[in-house]
Amino acid sequence: MKKKWMTLTGTILTAAMIAGCSGNSGGGASEGGTSPGADGGSSGGKPVELTFWGDWGGEGQVQFETMVKAFNESQDRIRVKYVLQQDMITKFLTSATSGGSPDILFWDRWRTSLYAPKNVLHPIDELMTRDGIERDNYFEESLKELTYDDKLYGLPLTVDARALFYNKKMLEDAGLEPPATWEELAEAAKALTKWNGDRLEVAGFSMSDPGLFSMYLQQAGGQMLTEDGKTNFNNEQGLAVLSFWDRLMNQDKVYRIGFEQGLGEGTDAFVTGRLAMHFTGPWMLSTYQKYGSELDFGVVPPPAGPNGDRASVMGGFGLVIPEGSKHKDEAWEFITWWLANKDNAMLWAKTSLNLPGYKPALEDPFFADDPQWQPFLETLEFAKIRPRHPGYSVMEVDGLIPNLELFIQNKQSAEDTLAKSQTQGDKLLKDNEVVK
Amino acid sequence: MEATGSITRARALRRALFYLFSSIVAIVMFLPFYWSLLTAIKPDEEIFTVPIQWIPTSITFDHFVTAFTTVPFGLYFWNSFVLAVLGVAFNLFFGSLSGYAFAKLKFRLNQPLFRILLAAMMIPGIVTMIPSVYVLQHFPLLGGNNLQGEGGFGLMNTIWGVILPGASGSFAVFFMRQFFVSLPSDMLEVARIEGAGEFRIFWRIYLPLTAPALATLGIFTFQAGWNSFLWPMIVLNDPAKHTIQMGLQAFSYNYQTDFGPMMAGALVAIAPILALFLLLQRYFVQGIAFSGVKG
Amino acid sequence: MSTINKLERHQARTAYLFITPTMLLFIVFTIIPVAMALYLSFTNYDVLSRMDWVGLDNYRRLWGDSLLWLTFRNVLLYAVIFVPLNIVLSFGLGLLVNRVWRGIKLFRTFYYLPTLTSAVAAATVWLWLLHPEFGLVNGLLSYIGITGPAWVAQTETAMLAIVLVTLWQSVGANMIIYLAGLQGVPDHLYESARLDGANRWDMVRYITWPQLRPTTFLVSTMAIIGALQLFDQAFVLTQGGPANVTKTPVYLIYQQGFNQLQMGYASAQAFVLAMAILIFSLINMRVTKAEESVI
């Protein structure tokens, strides 16, 4: 028995050792890095090899590779390879130490304000003028998000904005029209909520994401930050939002905290008919269609605030060129092929079911004729990006949202909430501002 | 006779209570695992019903097919396996060697060195991550580097780069040391008087007595290697070297998660550890250690 | 005299030889990165563009960082509840499964399963179990007339929910460590105790528990280190909320270093955390009277 163990162990170990030693082909250069070659264009017949990093795997990877393949087949001077990096930001940061920068990076646009000042991204203004790419073909807001210090750093890949999703059957049964103002929203939410004694059975409207405060604030006519980088919500607009929330949560009781947690991804209360209305974005469309066979839902743009202001938060991805790339011109060619050409933008849109950043593609019948995209297109017209302060997201996460959570749980007054958020928020903004 | 009867009944009652109690605990432990099992075999529409359906109405193996075709599982299995096995081999050997030395041998730096080893576990790994990458990258004379560690890529993108930093972890040393400490020292004295060499004493006498400890450490180390995600992802560039945990990330992207195939993949990923665990159960047999040795 | 010295020197030489592989790996892959991280804590390192010496600025800043001290408070509260419970429960489970009755292997496997369950599966099911309206926990509570809270969403109970889930996930592993340790308790101790008229509880209290002191030291130290470095479950279950009551120091360090790119400051925070862990481990050593012989 012992001998059998020894032989088995020995064999396994030997196999592992051999695998370990032969796996030493190393070569961080060819995969994660750039290949040697003249900067700008290849001499002779060998195509330039580019690496494209992203963190979409599985189906998302298939979507990217469809585009990459189409590009490679459309010409033979450049070959792009998609390399999946599951934790792309960490990998990008460690590659700064270990060398091996990619040529194109799949990019969450809001990161630009933090990374661009550190000179790790390559500005594309000159390339844009050189190739005659029109700024008007993109949502100005999305370009703004990719800009720092008047320099543009990439092109938008997708755009999204939050809209109001509602359960059609529930609204019809109650004889309601989809709400278009705060007042209508509150009334509908109240009518659609069902309590059974102490238990909430159906929530009329979701109050689970205090991060949407910025959207509500703008609907009330306010702005999150001042021009000189300080918080700007401890005022009557902020109070308007909080009183609206108070009315929904505590007076009309349309929601109970924790109601959506534990039902999977926090949005399945909607799929299973426990939630009548909530704000979310176009990324949920395919999930709802996949998991909700009985769900009949509709979408409208977010309701207008008390003074008629309409607002939504625009987000989305872009493609950027790291400063460490050795083939910036070729990388730019790939980017413009994908993002500045209507046919390719449509290929991307149909493959991935995302709204492309290229406006002419949005006028295509694929989008214009499809009712489920209409509300988003309408919303995108007035949606605004998040403020471009590098400390904005941490200000929200650590300064504002914790206080809002206390407010929603009735543990802090509206005035205190706004005051504390302002003090803590301003400090975080200051600690994280750009250091010249 | 009556007395015996009531003793047997009492014993039977105790046994019944034991099984009842243990079963309740087992259910609590098992429930989430059962959910991932269900999710892997339920069709998509049934995954998110509220309340959770504990008995599925229809079963499908589509998710397993999807998992295996979306991601090259076979290859990832092998890569993870190699990493885990090498990790176990190194940690078990070096860990018990050092653990024995710290536990049983007298040398001046025993206490200080051991304390430093322990202290190292107290520093959160995330801040030493980037410096560790630097060390790997600039390792002299490897991967094309010169003496100063410039020019090449050192140990980056190699299996050794993944394994070496954890090859003789503080935990393994700590763990084995504690077990050696609980073993009596008189066998040592006796063996020394008989003229046995130190390594022989370690290898022939003490190490075999720690079979349960080695089995436990083996399971833990294998699991750690098998489940590791962040460090392999950072060190390895070549998709052909990716591990299982990196592969499982494939089912979550663009704010959505494909639960069916992800759970299917996760279950397949658990299988080897479970197998190892069951295999090593034999070493948890009671009281093998001490025949004829005084305490 | 000189023979004894020679013997001792030989022993010491062997000892140093034994620990050399471990120490070499330790110096290259742990000490050097830690030293680098320490250096970085005195700079404004942002990973991508700067690394200028700023002296004690980072440390001065963290002194006034109320959020950091809040996370310390959170994690201390967590540790104070988690560590003792973990030790007691895993010891109890170890005793429970330390027999050769039928089905014992099945129970052991079930108790170990939570350690194998993926974080996503565990979080998904536990979030459902703890759901305020439809969850099993509140359902059971309502049978005895209590309206359960929104465990994960309310500030008063969020940390308790994390204690629950992390205990669930870790007692299995510590159980088998104790199980391994239990194999080493000499049978004859129990024999003589039984002859002296001791009952089962006495034997556990006066024989088993003291004999397992080295094991308990291992389990408690690792539990403290793990508790004070809590990150994964706080991230997956509650994202540090609500209202930052479950935000832990490591979570903050990660945020500061990798999201905000203030790696110098994050390193400083990490070292302060390491200090805290060290202090607690030392206290633990005193309390468990861990090493009356060697250390």
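When the chains are written out, they are named A, B and C in that same order, and each has its own residue count from 1.
Keep this in mind: a contact is a pair of C-beta atoms (placed from the backbone, for glycine too) under 8 Å apart; a residue touches a chain by one contact, two chains touch by 3 or more.
Predicted, not measured: the structure shown is a model, and the values here were computed from it.
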| task | Using mean Cα positions as chain centres, tell me which chain lies farthest from subunit C. | result | A
| request: Between A-B and B-C, flag the pair that has more C-beta pairs in contact. | output: B-C
| task | Starting from the mean Cα coordinates of subunit A and subunit B, work out the distance between those two points in Å. | result | 36
| note | Between subunit B and subunit C, the Cα-mean centres are separated in Å by 16
| request: Mind pulling the residue numbers of subunit C that touch at least two other chains? | output: 47, 124, 126, 128-129, 134, 258
| request: Would you give the residues of subunit B that are in contact with at least 2 other chains, written as numbers and ranges? | output: 50, 130, 134, 257
| task | Provide the list of subunit A residues touching at least two other chains, using ranges where the numbers run on. | result | 90, 93, 97, 263-264
| Which of the residues in subunit A come into contact with subunit C in the complex? | 89-90, 93, 96-97, 114-115, 118-120, 198-201, 256-259, 261-264, 390-391, 393-394, 397-398, 401-403, 405-406, 409, 411, 431-432, 435
| Of all residues in subunit C, which touch subunit A in the complex? | 44, 46-50, 61, 67, 124, 126-135, 147, 150-155, 241-244, 255, 258-262
| query | In the complex formed with subunit B, which residues of subunit A make contact? | reply | 12-13, 15-17, 19-20, 23-29, 31-33, 55-61, 83-87, 90-91, 93-94, 97-100, 263-265, 268-269, 271-272, 274, 283-284, 286-287, 290-293, 354
| remark: In the complex, subunit C touches subunit B at residues 7-8, 10-12, 14-16, 18-19, 21-23, 25-26, 28-34, 36-37, 40, 47, 93, 96-101, 103, 105-118, 120-122, 124-126, 128-129, 134, 168, 172-173, 176-177, 179-184, 186-189, 211-212, 214-215, 217-218, 221-222, 225, 229, 249-250, 253-254, 257-258, 263, 266-267, 270-271, 273-274, 277-278, 281, 291, 293-295
| said: Residue numbers of subunit B touching subunit C in their complex, please. | reply: 15, 18-19, 21-22, 25-26, 28-33, 35-36, 39, 50-52, 94-95, 97-98, 100-103, 105-111, 113-115, 117-124, 126-128, 130-132, 134-135, 164-168, 170-171, 173-175, 178-179, 181-183, 192, 198-199, 202, 209, 212-213, 215-216, 219-220, 223, 248, 257, 262-263, 266, 270, 273-274, 277-278, 281, 284-290, 293, 295
